[in-house]
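In what follows, structures are represented as structure tokens.
Across the two complexes that follow, chain A remains constant while its partner is chain B and subsequently chain C.
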Partner chain A sequence: MVAPLLAAPLLLLFAIFFVVPFVEIMRISFSGKGGAWAGATWLMSSPVFALVFLNTLKLALSVTLICLILGYPAACFIAGQPDSRRGVYLALVLLPFWTSVLVRTYTWSLVLGREGLLNASLIWLGITNEPQRFMFTPLAVHLGMVQILLPVAILTLVGVMTELDAGLVRAARVLGASPWRAFWHVYLPMTKPGIVAAAMLLFILSLGFYITPALLGGPRHRTIANLIDLQVHQMNDWTAASAMALVLLATTIAAVALLRWLVPERNLYGGAR
Partner chain B sequence: MTAVTRRDMGRLALGGAALAALCTSARAQAVTITVNGSGGSLAKSLERIYEKPFTAETGIGVRATAPVSVAKLKAMVETGNMEWDLTEMGGADMIEGVKNNWLTEIDWSIVDPDNKLPPIARQKYGMVTSTFSTVIAYRTDKFGGKAPKSWADFWDVKSFPGPRALQDSPVQNLEFALLADGVPADKLYPLDVERAFKKLDQIKRNVAAWWTTGAQQVQLLVDGEAVMGTVWNGRVPPLKKEGKPVDIIWNGGALQLSYWAVPRGAKHPKEAMRYMKSRLDPDKGVQLLQDSPYPGFAPGLIEKVDPELAKILPIHPDNVAVQYSFNPEYWSEHRPKLTERWAAWLLS
Partner chain C sequence: MSPRIVRIALGLWFCAVVFFLLFPLAFLIPLSFNASEILSFPPTAWSLRWYRVLFTDASWSNALWLSVKIGVLVTILSVAIGTASALAIVRHRLPGAGLLYGLAIAPLIVPGIVIALGMFMLFARLKWLESLTTLVLAHTVVAVPYVIVVVSAALRNLDETIERAARVLGAGPWRSFMLVTLPALRPAILAGAMFAFFASFDDLIITLFVSGAIETLPLRIWNDLNLRLDPTVAAAACVMVAMSMIGLGIAEFARSAGLRRLRTEQADG
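Let's turn to the complex of A and B:
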């Protein structure tokens, strides 16, 4: 009898802040001026939507990959530390994580600008005579997003790695496996649930990125979230905006479903044991 | 125990009077109107010149909010949750607002009882509060003493090298492209969209940044992210005063009107309109122009302006002569489609 009661606050929150807006978005999306299918028709015919959607998927994928590649060794290192020192390293990862996304994004524009830190350094070092363009490039968007999401990758991976039975790697080494072989055949497979969970989180978070691509990428690197903003504020077409929001949600659900199919649930949340 | 002295009585009476005054002002303050504008540094000037004196005179409080957003207006009207009593509106947004029935009719017997405003400023659903221009601004220190003179120069990256900045919107940029391509200012509308985009293709590579807010326009120039870009005319004089090497060109500027309107469902429309009336005081208008060169049509205003200041106003005859008159009707009709094309063009 108590259990449902305990879930009530969360369910209420979910109902108010997710179900109600979701139903409203469904309503707007299917009841525009142009009839029930106006939103869907726009999605199919718009020259912008397909391009931006594809770009958003590509961006989310590449940011996810880069975060995993950079985060994995860092997580290995942190997980391998004794308990006393691990806390210090985790704090170093968490510190930027707790800093506002807006602040971190804006700071990048100071670094990457034409007269910013990076260009000043390159000119001072004699690597270039002319300031190079870094702002509003794919590089800027990637730098900003990777820096923001990297702690998510590291924390998720460390969580799984500290749960591992280190004895198994030792056993492989004792039985004659080279360090590389022990890593490749023992350690890496054991961390797979962590990699998949991190990839899922990173991909979903990247899909909805708004402020970083807007500030560092500009309109030439719009994501779906930016395009929704443009629809709402410039084109006044909320039907199209809602339709795009639904596509974004469906993509997220599809990504989650795919990953759960790749890795059974108990492995996702229960560590590797 | 001493008896209550006369002085004590006096103090009591004073205290009572103060209390009574507090109470009455509290009662009068019960009505507070919410006025939505563009915010920024201008908000402080407005508070000093108009809002505080208005509250002192009428007892009606004024709460200022920002930014101007037609999307917010739409959301508030459609959900029946109107936060604003008065809002600033751009020209094309104004037409959109009238078309969609988002606005309340102005009661001119409150705002301009003596009928002193020119007809252009007195519209059924709005009052013109100010005029402003989107113009070219450039860094005076980047072209070796040369100064660009026109949109053709803006496009001429050989004579005036360096990154450009434009607004992330087809609105006005299509006009600017056509002006650069030699279309006369009075023959712009209806726009030759194909020709405009073709001309924009030539400059796209050189546009380093596409701004979305007024603060960004000048930030880009000051930071050197761009050496030439579009700005609202009022953004540059404060920078010049600070000694920054920037200037504007009136030639080819887009002269526009901005409006005050009372949203449909506003809680205090009468009070809002009384505030609108207070904005027509020419003496206060002159004060405001010191901080913000966006004059309205307040009767008697222009006669009171210092001739030196008048030169940096969008409606100075010399400046009007070289600008084109922005057509909000055209944009109200074509903005959604052209914005979509613009967004696609930027991606390619």
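Let's turn to the complex of A and C:
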């Protein structure tokens, strides 16, 4: 009797502020000026959409890969520490993780700008004579997004690595495997569920990025999220914006489903193959 | 490759990663105490000028206090709604609890821009835009999942027999909740509250679509960044970082206190 009452406020809030807005997106994307298929027609015929969508996928993929490559050894290091010291190292990763995305993006604009730290250092070192342009380049977007998502990669990987049975790696070593073989044939396969889980999370989170590409990439490096904002606030084309939001949502759901299928549930928590 | 060399290499890699994560933030501190109009490096003179602007200039200080106010309201709502639904999901075996949990954490996975767009189009039609109530409830949607995740995890770890013992010994459902369940959940609720506060305090995307003329601190910063580079932004950013550090400290303290208690209870049992 109590349970429905306890859940009622959440259901009411989510109905009005989450479910109905989503229904509104569906309704508007299928009811533009050009009839029920106006949204779909816009998606098919817009060269900008195809380009931006492809760029968003590529950006999400490369950011995910860079975060995994940078994060894996760092997570190995943290997981290899004794319990008493692990907290301190984790705090160093949590510190930036807790800081606002807007603030972290802003700090990159101070580092990469014309008068920024990077240009000042390059000129001081005599590498260049005049300021170089780093802002509004793919490099700037990658630096910003990797810095924001890297803690997510490390925290997810550490979670899996500390649950591992370290005795198996020791057993492989005792039985004569070289450190490299023990890593490649024992440690790495055991962490595979963590790698896939981290990759899934990073890819999904990168797909929806708005602030970082807008501030560091400028108009030439837009993502789907930036294009949605542009259609609403400047073109006033809600049908196009809604259609793109549905595509973004469908891509997100497909990514979740694909990786769920790639990693069966029993393997998601470090089970043996 | 001896294991020692591997350990040193991993340590160096970790240091490099931490440097990459932290140096842009560390760089912010000297810049915010810079006296000049242009944010150039290295600063030539030091002053508290931009902090004075942040706390005295009406457009900045109003934005800061508004963000704090909204954050506190969102936190209170999220803790109440989130804890109640976590109880319904974990303890009371509500039919469809799994589905409800999935819905409750969906705002963490659905891109913020999609939620923001849906809210904007619906509320434009209902004439609900530019209202503080709308903004608080909209922030609560993205803040409440954190409370639900943290509190239901704590509830699953909590030994139900203690609650049952309280009931058997004659406590009513409300008394047993207040005297047994709530004290045990306190660390999780505190951590969830911190997450919820910063989900609201740091939000830009939903605010950008729903708030209209109501300017929160992130929106004030955003509007400034798109026009000119006012050094007050550096001071505001520093204040936001400092607040996050304090929040993280409280949440971590609560979490480790909760873990310690769990360990001693298990050791006693």
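Throughout what follows, the second predicted complex is superposed on the first by the 250 of 273 C-alpha atoms of A that agree within 3 Å, B and C clash if a C-alpha of one lies under 4 Å from a C-alpha of the other, contacts with A are read in each partner's own complex, and residues count from 1 in each chain.
The criterion applied here is as follows: contacts are C-beta pairs under 8 Å (C-beta built on N, C-alpha and C of every residue); 3 or more make two chains touch, one makes a residue touch a chain.
The model shown is predicted, which means the values in this text are computed figures rather than measured ones.
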item	value
Simultaneous placement of chain C and chain B on chain A, clash or fit	clash
First, second, both or neither for A:Trp261, with chain B first and chain C second	neither
Touch count on chain A, higher of chain B and chain C	C
Partner chain in contact with A:Pro47 - chain B first, chain C second, else both or neither	first
Which superposed partner A:Gln234 touches (first chain B, second chain C, both, neither)	first
Partner chain(s) touched by A:Glu115 [first = chain B, second = chain C, both, neither]	both
Which superposed partner A:Met135 touches (first chain B, second chain C, both, neither)	first
Chain B and chain C footprints on chain A, overlapping residues	113, 115, 232, 238
List of chain C residues in touch with chain A within their complex	1-3, 6-7, 9-11, 13-14, 17-18, 20-22, 24-25, 27-28, 31, 38-42, 80-82, 84-85, 87-89, 92-94, 100, 103-104, 106-107, 109-115, 117-122, 125, 137-138, 140-141, 144, 148, 173, 198, 201-202, 204-205, 208-209, 218, 221-222, 225, 233-234, 237, 240-241, 244-245, 247-248, 252, 256
Chain B-facing residues of chain A, complex	46-48, 51-52, 55, 113-115, 133, 135-136, 218-220, 222, 227, 230, 232-238
Chain C contact footprint on chain A (complex, rising order)	2-4, 6-7, 9-11, 13-14, 16-18, 20-22, 24-25, 28, 70-71, 73-74, 76-78, 80, 87, 89, 91-96, 98-104, 106-111, 113, 115-117, 120, 147, 150-151, 154, 178-180, 204, 207-208, 210-211, 215, 224-225, 228-229, 232, 238, 241-242, 245, 248-249, 252, 256
Chain B residues touching chain A - in the complex, by the definition given at the top	69-71, 74, 96, 163, 168-169, 208-210, 223-225, 335-336, 339-341, 343-344, 346-347
